[in-house]
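Only one structure is covered here, and it is reproduced in the block below.
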């Protein structure tokens, strides 16, 4: 087991924890943070590969992910605020009016 | 071949059709009753009479060419590949006899009807139906191909259906019509199968071709007996033989002229005609012939026993008809085709006369049909009485009259024919003859002799029928009296040779003749003894043999049996098994089950969509993990 | 040459006239009288054209006549390919003939959404004509499915109380079959393409496709299921009674008159000739089902209390004869089957019209509500009896011609097999003949209760048939007797095609290496 | 041909971008609500026309080698998708009056245009994000009901998960191959390396998530229901179509019949099949029109992915035809939906009850749309299905074709139920809002007519597109 | 060092699943991100490490923390921390991590590669970005413009819905 593999495993774990966080945690803000965690995990794997290969392309992608993640948060937080205003709750379990 | 008249035979058949169309259109509700009664009557009677005249013409033409059959193609009905179905008419000795009877008796009954039905509001319709019947009957006897015969065959069934149910306001009448039609249909199914078999074997349905093929022995492809039996199934339907005779007594629901024309003189003898026509087959089908003989004699016997105790004047005659038809089949079964036709002819005369006489009685009594409520009519309606006497005597086999000759010949061949004659056949037939004499004279006595048992009101209205009816009665009575002297078997012999006589039995002819005469008079005597005297005499016998009486007056409960064994199970199976279990439970049930399954699973799936992001993401995780694991397969 | 191209133009006109008519109706903007008149005019013109084409058609030629071929989806070898042949010529005539009668029959009974109704009738007519005329499998399939929608609306909008259930059942049933057929179509064309290298949907090309028996069996099952539902054959029939009962008169007439023929036509044109080996393999099964249909339909007709249901079940029974004739592979049976198709269209159509006419007056179809109508409305009675007799198959009516020839064909095929020791076909033929008796049983029961006995009917008094109604029925009666008395001319038209069908189905098309 | 390759090849994108800029200017000048529609419309039409014109001129160029390229086929696809955006812009008028809608829509379209042209996974990723991100805002934009926020959040989260999964796949792909070009993906399918396979699976599942294939579909119904009519129409048709086109680009010439691609084939057959059944079944019970369409779109995603089972040669054509046919029908239905002040009320299926009596034209057009969606001939929905199933059969997957067709049979029911409601029921809406009361109805009608024209064109001349 | 950072990242990430207060979760996330930044640095991608810290920790997380404070959400001890699907969630977490781990372990990675063989310099990055990835750069701007418009729109909507 070399470093690359370990880092990749860490990346996979972070990604999965991020996913699982959305499943497990009820707080909407925590959920958003978990999504950030997912992207971070992916970033880690990208950087690992980039360094392994010594190529610039994944780094560009990581940069793009930064941008996208930022934009996502910038959009997500107002939406959550809006929801909080209407539902008076941060609990994701309360956001289930649409179903069926 | 065709001198002067190009479509003579076609004209014979089509004339009544023209009458039907005219009257059917203009003398009924369809055309708003545009014809008066008189016009309708004129049209209706003129066509059969003209047809009769043409038949006579055709007969002379036939004679003129030495009784070579006249073949008259009309048109091609259908072409299929190399074979074709032609509509053609065929006129030989046999057809000639039948056509003459049909048009002749038909004409007089038409005339009779104009009197009998004069006051009926649907007179035009009635006459139209009669014409229609005649048309189909003529197709039946004139057709060259079995197809044409079958058209007529089913057509007369239709006419019979319409006429039995003529007074359809009474549901029972319509029911009787339906029964007749359906019973006939059962026979027709057999007929169809026989026809199919013949077509398969010969590629044609022309009867003369088929006959000669069988006679020349090229018909080995099919068993003659099988064909014979199938056709006989058809005949049992039309000619009211066991087991399909049940419709005929019910058919008396129709107006009496109908009973005379269709259910006595002509239509019911179609089966006899068919088998005589296809004699070529039966000659080579001893088994089938034997079956016919046995069925014939059994029918004759059992129908006669039922007739012994019937109280409805028409029912007695109906069972008598069944019985007489049995005689004819007996004759056919023992190979005496000519004799059977002979009996057809004589029977047509006397039975038509009897029915019309009965009609006259009913007419006179304003609709009463129960002979227990008659009596003493001898003086009130003398023409009817005397003609009735002659016809009764004829059917009973009183020597010298028509029935005697034909019946005696049947008895003789039943006894002695080389083609299946047997003593027991004769014995049964002779017993039947005895019973025939008995119940016919019983009928005569109860109706016309003795004191009147009519209600006062009915008695007051009794009147002799108009000349259109009595005149016809007299014609028919005369024919019943002298018809036997036209020796039909002899006339038909070139076409339908009589069977040889078993050598051992040759010398029995004279004794048997005497026996049958004795039987006729015994029947007469017994009838007079029981019914000419006090009413206690028959009553005593009835009491002594009460179970038997009940069995007979219940007609052996055959109708009930059929209802139990066939009718009800059919409905039960259709309703309970096929409809409820099959269609509703099994098919629709499983379909609706599937539909509700779909609905329910839709509901379930909709419940999965529970609105929770946790849950949605869990699905994503499951999918991701599952798909990744899946990708490990197939190393 | 010039004449035949004129005829081809006429044929196209026959097909497209209803579409033009439908466009006209929409342009009329709800003027009800004008809508009705226009529709009748259009359909009458269409009928006249079909009659002209029928007269010009030469029945001895087996192939296509008056054909038009225009490439449509060239990449797949799909063409707009229509033409007359012996199989469809009579059905086209029948469709054209029934068209104006249906509209005339609905003159009074359709009161809401008049324009929509007539547009739908025209579109349905278009689709039906198209399905009969199409000589390209893709085109056929398109028309085949296109029939569904107008019928769906006709039953669904103008139908009876349970119309929703009936329409859904009808559509889902038929669509289910179509889906399987679609797969069959795709696979068949694929096979042809692999074999010949070119993609083609033309019937004539598809008839040359060679396939191993197993594949034929699979594809035939797809086609057969679809067609059998449409016919319908027991046990795939339960949509029909419901659809008939709930449909308005016009819908019932079209359904019984033309739509049901699609199934048998499909079998004759596609199902059997495309997969001859599988067909012969399955003949015993299909024949058994046909005979079961005959008897089953008749038995169920016997115990129905709704008049329309009786006729619906009788249709199931009658179409069993068609199947029997087609499967016999005897020329007489095949010809008989064609005649029986037409005959059933006329007879069942007429009966549904009659029931519709009485329904208009009394508003119930319950048999027990009626009695003695022959006394009350004698003209109606006369027509009813005539149609009833034709349904029973009485000689001189078209019903007889069809039944007789189909049964004769079945028997002719069965007898030699019986002599060879295979008794099943003979037993089937005999049972089928017994259907003749059962047919009489239920029709006479209907007539007995309906027409005879003491007078009984709701909403009395009502008038007898009007001139319009008598006219419609008389036209049908004339056709029924024409086909019963003089079927030869019709048979001549179909002869070549029947022979071709016989030859196609009798010739094995298993590739040499797969035998 | 103008000389500058970058300029011409990206002409459609440039038109969209100019539209965005103009709209922002208009918005700043507070003329957005007046000019918004016209600018947006002009930009979309110009973009579509330019793409069509370039395609007609057989332009094939690589302005950014290994990043962005166009071929006539790609340009045709762009032209068609952009043309399909025209009705979206037109029907937006009933719900949106300001310019923001058009800015966001054009941005999304910009991203959409990148997808079929992308040669690099970076561009593909950006395209996906750029297409999706404005939609989060679009869902919220009308905000006629509080559920919109929930709807937007769900879309955002699931779409974010999709992005992350996609990126994971991309990183693994890079790890396996060392490149980030699009055509590195297809050879990976047949690799037996676990990481390569994981990469394929992740990318594939991300596309499934974006296109809403079971079990990744669950955002779609909630999101569609919460969004407004034009936005739902946009999501259900164009974004889904673009994702599919991206997928086709990714799969390239890879044939799934290859035995070593068995796991992909199985995934590509099983999940879409389940989608077809699941979507069609669940749609039966819906009472909301948009939710029903969502389930229908889930089923349609299934059909679309079925196309990948077929041979690679016809895949592009088949998918493109399906998208156009499906989108035209869907947009037609959305455009003709009766308008209502209350969005939740507008969405209820029972507003369609008896529509034919109130508005025969709308009812007839919706009926056509439903029939096309149900895949009944002669409408293009049928031809589209035919193309796909034919290629599936041609590739030898007859059993899957059969199962797919049976699944599509389930769908018939609810499409027909819509027709039943419109034609066979009495109207339950007591006092329908007079159409004039809401602005933009005329535009919506125009959109409907355009879609009808497209549908009819494809009905009569399907060969034109094949 | 790398291992330590990795462990810290993992532990803080895992603690995100269990910590009750959002603020603490945010701190855990910041910790993860920082350690990741450190890893990047250790791998030689200094530039990315800087971005990681600046953009994520500096911008995103500050925003997040601000919002947490704004809302002052304190989950009471009674309110359940975990959703109803926590147990399957954890199970799936383990399964998926295992699957990914096994995948990486079995992956045919080119072994013996030099991590950080080429030092990652900002100038090279910038040059490559603007030369080879010019299109992506441009597209990013378009994306940011759209994001701004979108964010403005969302904020406008929330303002509108307020009134």
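In order of appearance the chains are A, B, C, D and E, and numbering begins at 1 in each one.
Operating definition for what follows: a contact is a pair of C-beta atoms (placed from the backbone, for glycine too) under 8 Å apart; a residue touches a chain by one contact, two chains touch by 3 or more.
Model, not experiment: these values are computed from the prediction.
**Student:** Show which chains lie in contact with subunit A and also with subunit E.
**Tutor:** Touching subunit A and subunit E alike, sorted by label: B, D.
**Student:** Using the touch definition from the top, list the chains contacting both subunit A and subunit C.
**Tutor:** Neighbours common to subunit A and subunit C are B, D.
**Student:** Quick check for the class: compute each chain's Cα centroid; which one is farthest from the centroid of subunit A?
**Tutor:** B
**Student:** Which chain is the middle one, judged by CA centres?
**Tutor:** C
**Student:** Identify the chain pair joined by the greatest number of C-beta pairs in contact.
**Tutor:** A-E
**Student:** Measuring between Cα centroids, which chain is at the maximum distance from subunit D?
**Tutor:** For subunit D, the chain whose C-alpha mean is farthest off is B.
**Student:** Would you kindly tell me how far, in whole Å, the mean C-alpha position of subunit E lies from that of subunit D?
**Tutor:** Centre-to-centre distance between subunit D and subunit E: 30 Å.
**Student:** Based only on mean CA positions, could you tell me how far subunit A sits from subunit B in angstrom?
**Tutor:** Once rounded, the distance between the two centres reads 95 Å.
**Student:** At what distance in angstrom does the C-alpha mean of subunit E lie from that of subunit C?
**Tutor:** Result: the chain centres lie 69 Å from each other.
**Student:** Return the distance between the CA-based centres of subunit B and subunit C, expressed in whole Å.
**Tutor:** Centre separation, subunit B to subunit C: 36 Å.
**Student:** In subunit B, which residues are in touch with two or more of the other chains?
**Tutor:** 606, 609, 611-615, 617-618, 620-622, 624, 628
**Student:** Could you say which residues in subunit E touch two or more other chains, in rising order?
**Tutor:** In subunit E, residues 83-85, 88-89, 92-93, 96, 100, 103-104, 107, 109, 133, 136, 140, 143, 147, 150-151, 154, 157, 161 touch at least two other chains, as defined above.
**Student:** Check the chains against each other and report every pair that touches.
**Tutor:** Applying the touch criterion to every chain pair yields A-B, A-D, A-E, B-C, B-D, B-E, C-D, D-E.
**Student:** In the complex, go through subunit D and note every residue touching subunit B.
**Tutor:** Where subunit D meets subunit B, its residues are 153-154, 157-158, 161, 165, 192, 194, 197-198, 200-202, 204-205, 208-209, 215-216, 218-219, 221-222, 259-260, 262-264, 266-267, 271, 278, 281-286, 410, 413.
**Student:** Flag every residue of subunit B that touches subunit E in the complex, lowest number first.
**Tutor:** Of all residues in subunit B, those touching subunit E are 612, 614-615, 618, 621-622, 624-625, 628-629.
**Student:** In the complex, go through subunit D and note every residue touching subunit E.
**Tutor:** 17, 20, 24, 64, 67-68, 100, 103-104, 107-108, 110-111, 114, 120, 122-123, 126-127, 129-130, 133-134, 136-137, 140-141, 143, 146, 175-176, 193-195, 198
**Student:** If you look only at subunit B, which of its residues touch subunit C in the complex?
**Tutor:** 28-30, 75-81, 83, 150-151, 154-155, 158, 161-162, 165, 168-171, 173-175, 178, 181-182, 185-186, 188-189, 192-193, 195-197, 199-200, 570-571, 573-575, 578-579, 582-583, 586-588, 591
**Student:** Which residues of subunit A touch subunit B in the complex?
**Tutor:** The contact residues of subunit A facing subunit B are 19-20, 22-24, 26, 31, 92-93, 95-100.
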